[in-house]
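Scrolling down, you'll hit the structures one after another.
Across the two complexes that follow, chain A remains constant while its partner is chain B and subsequently chain C.
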Partner chain A sequence: MDNTLQLTFEQFAVIVGEKLRIPREQIQPETALKDIEIDSLAIIEVMLAVESQSGASIPTEEVSTDGKVEDLYQLVVAAVDASRK
Partner chain B sequence: MTAHDLAGSSPQVSALQPADASGLGRAGLLAGKRLLVTGVLTKSSIAFHVARIAQQEGAQLVLTSYGRAMSITEAVAEQLPQPPPVLRLDVTSPEDFAGLADAVREELGEVDGVVHSIAFAPQNAMGGAFLDTSWKDAATALEVSAYSFKALVTACLPLMSEGASVVGLDFDATQAWPGYDWMGVSKAALESVTRYLALYLGERRIRVNLVASGLVRTLAARSIPGSERLEEIWRTRPPMTWDVDDPVPAAKACAVLLSDWLPSTTGEILHADGGMHAVVG
Partner chain C sequence: MKPSTSRPRPSGLVCACRKLPRGAGREEQSSILVALFGKLGYMRTLEVSAAGARSAVVCGLGAWLPPRIVTNDELATRLDTSDEWIRTRTGIQTRHIVSPGMPTSYLAAEAGARAMESAGVKDVDALVLATTTPDRPCPASAPRVAHRLGLTGRPAFDVSAVCTGFLYALSVAAGLIVSGAAEHILVIGAEAFSTIIDPHDRTSGVLFGDGAGAVVLRAGEHQEPGAIGWVELGSDGSLDDIITVRAGGSEQRSAGAPQSPADSYFSMRGQEVFTHAVRRMAEAATTALAHAGWRPDEVDRLVGHQANLRILHALSERMHIPRERLVVHLDRVGNTAAASIPLALAHAQSTGELFPGARVILAAFGGGATWGATAVTWPAIKAL
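On to the complex of A and B.
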């Protein structure tokens, strides 16, 4: 039985905000990851929290700190979709 | 990830294969071994798979981590067959090293094996900045990635006796890799540190070896600026197909070195790289 749960962007942004300790409003799809000072360790912290909520395994080796918040979110969406197949 | 299995490669080893899927609770390649494993950060870490395979082969573990990585290692450790304790160890902290033996003794008693999977270089020390890298940045890379091997081993020495095995993770330092820069220099230093550790620990019959892994897309590899070029090299040049998403071959090589099956091998670099080091591609 599939127990994975797709996250909305809002749910994802809340996790990012909590892990980075920054206001939710600063986390928009177009926000550059460098602008919110997210490094590779912070990305792993975020993805572990996402895994815990979604039940999906997120391939952190695919993540780059060069992109935007939307890129991270799409990685999550794809990982959840993949785990349902 | 490609599934590999030790069975079939050797009748001796296959006789030790698990009777059940988890592999827990039976005699294995590392049955009864007490191991300290550093460098578990994500599920793609080579060290994570060393830890997983070691537990499946019967070993008891402690992990180390520090700082912001501590909570990450603790969370990832929960995904091992038997979540091990995670001890604090910042390899630039003499105080952490001073307290390590007591902390490990409390968890394991003695130590039969140590895995060093620690490397770091500042961004200015990689990615093509070789000619402009400051001594401070180069020194950081050397301290964390090479000197720490000596420091870790000496910190654990009070707990190690005859037959103990130390294994470090290497990336072939006999040639210059684009963008790897001072990390490559640090790996060359690590290889030399290994030979000296073998020299000074030989009379205690403690073995010290490295596994030179092919490129694996871990967090460490992804943090190398221009790592795509390295990935392309590793996808096309090794004589045996090399899967950059598979940390298992390197992890299994570590498990063999930690076992009793190479009792007179020390100061060695075991390549788990699809044969890349041996050929001109």
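On to the complex of A and C.
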């Protein structure tokens, strides 16, 4: 992933799909995290994968599994942006 | 913490300076300086020529697990969980649990005796025990273990760094050997971890197990297989809440507050532990690799602390070391905290995953928070 580019939703969805071993098509912004059976540690696995690939530092506070894929994406985008500044 | 590669005798230097007589003549001064430079030259020679440097070398390995095995199905009869849930979330299938009346010292002595037999020694100069679950808050359990092993009179003490405990103990013991204070040291990681788990906690209750593993270190040389080189260690006390037993210590007792039942048991903040564990183990292991002069693809076995299969997978991914090179033992024993690395080593030795000459990285993360890693070229030993 080019460090100078934004993390697109597409790139993010690919990482989520790889980590959860589910088809990319099942991962839409409005998808509830519970519907793709993402557990609390899978969220961290996704975040750590983003961190490895982007060099960004992801937050370490507890992240809920109650939201939607879009919520998780926005959290990651904010972390990537913050790391660039 | 880098054990000095020479046998340090700084006191000699200090004494030479102190002995400088007041008003000593030029001739006397120069002879003292020659003596000083001679000493420094000698030390530098030793540091440069690592081949002759004194090091601690692994020469024995032992393990012991309490006989009672608890399956996921058995846990599911009393906790709201299932075999499928535990296996897919953690990779754990079974764990060994102490019988009533079996404290940590019992496990430690069993593993210690096997390590000494493996090393072919009947005596050691010191015993270092890494544990989170000592027999009593006071005193340390190591003297009791030493007594059980017929080592009464030998120095024996506990090291407390939770799941990093074994690497801290290994580093301390290696330092004692390099300093010349000891020739042989028994290093044990032992836990009756189930004794601090809330029996009704469906989260932590499925993760942990009991057991003990031990190594014997002997004085040897830096280039030998089994030599302990740089042990990268670290801590961050701002994270003391993410892995903890809150009550029972001076913090709660000094506050005069009664000990609440929940606080007397172990608690963990899973997501934070996962993140910090992967980051810190990868950083420490990368530093250990650099000190050993190995590339990641040259590592034969990565022995990470056996907490959770997903943490080990994330670690291997981050370090660019293939998953196939991970030693995995947690499926059989769960997370055994300070015992996890020596137990995993004994397991991998018995399966042939560890072989003489194998390039092995040990890495751990635990409560404190603490972390550590080191690189070892595996020696020709047998595990008992």
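Note that in this section the second predicted complex is superposed on the first by the 78 of 85 C-alpha atoms of A that agree within 3 Å, B and C clash if a C-alpha of one lies under 4 Å from a C-alpha of the other, contacts with A are read in each partner's own complex, and residues count from 1 in each chain.
Please note the rule applied: contacts are C-beta pairs under 8 Å (C-beta built on N, C-alpha and C of every residue); 3 or more make two chains touch, one makes a residue touch a chain.
None of the values given here were measured: they were computed from a predicted structure.
Asker: Let's test your reading of the overlay: on chain A, do chain B and chain C clash or fit side by side?
Answerer: Result for chain B and chain C: clash.
Asker: Return first, second, both or neither, reflecting whether A:Leu41 touches chain B, chain C, both chains, or no partner chain.
Answerer: In the superposition, A:Leu41 touches chain B and chain C alike.
Asker: Would you find which stretch of chain C runs into chain B in the superposed arrangement, from 24-32, 42-50, 276-284 or 294-302?
Answerer: 276-284
Asker: Hey, what residues of chain A end up touching chain B and chain C alike?
Answerer: 40-41, 44-45, 48, 60-61, 63
Asker: Going by the contact rule set out above, which residues of chain A touch chain B in the complex?
Answerer: 40-42, 44-45, 48, 57, 59-61, 63-64
Asker: Residue numbers of chain A touching chain C in their complex, please.
Answerer: Checking each residue of chain A against chain C gives 39-41, 43-45, 47-49, 52, 58, 60-63.
Asker: Show which residues of chain C lie in contact with chain A when the two form their complex.
Answerer: Residues 89, 269-272, 274-276, 278-279, 308, 310, 314, 317-318.
Asker: Using the touch definition from the top, list the residues of chain B that touch chain A in their complex.
Answerer: Residue list for chain B touching chain A: 41-44, 68-69, 71-72, 75-76, 217-219, 221-223, 245.
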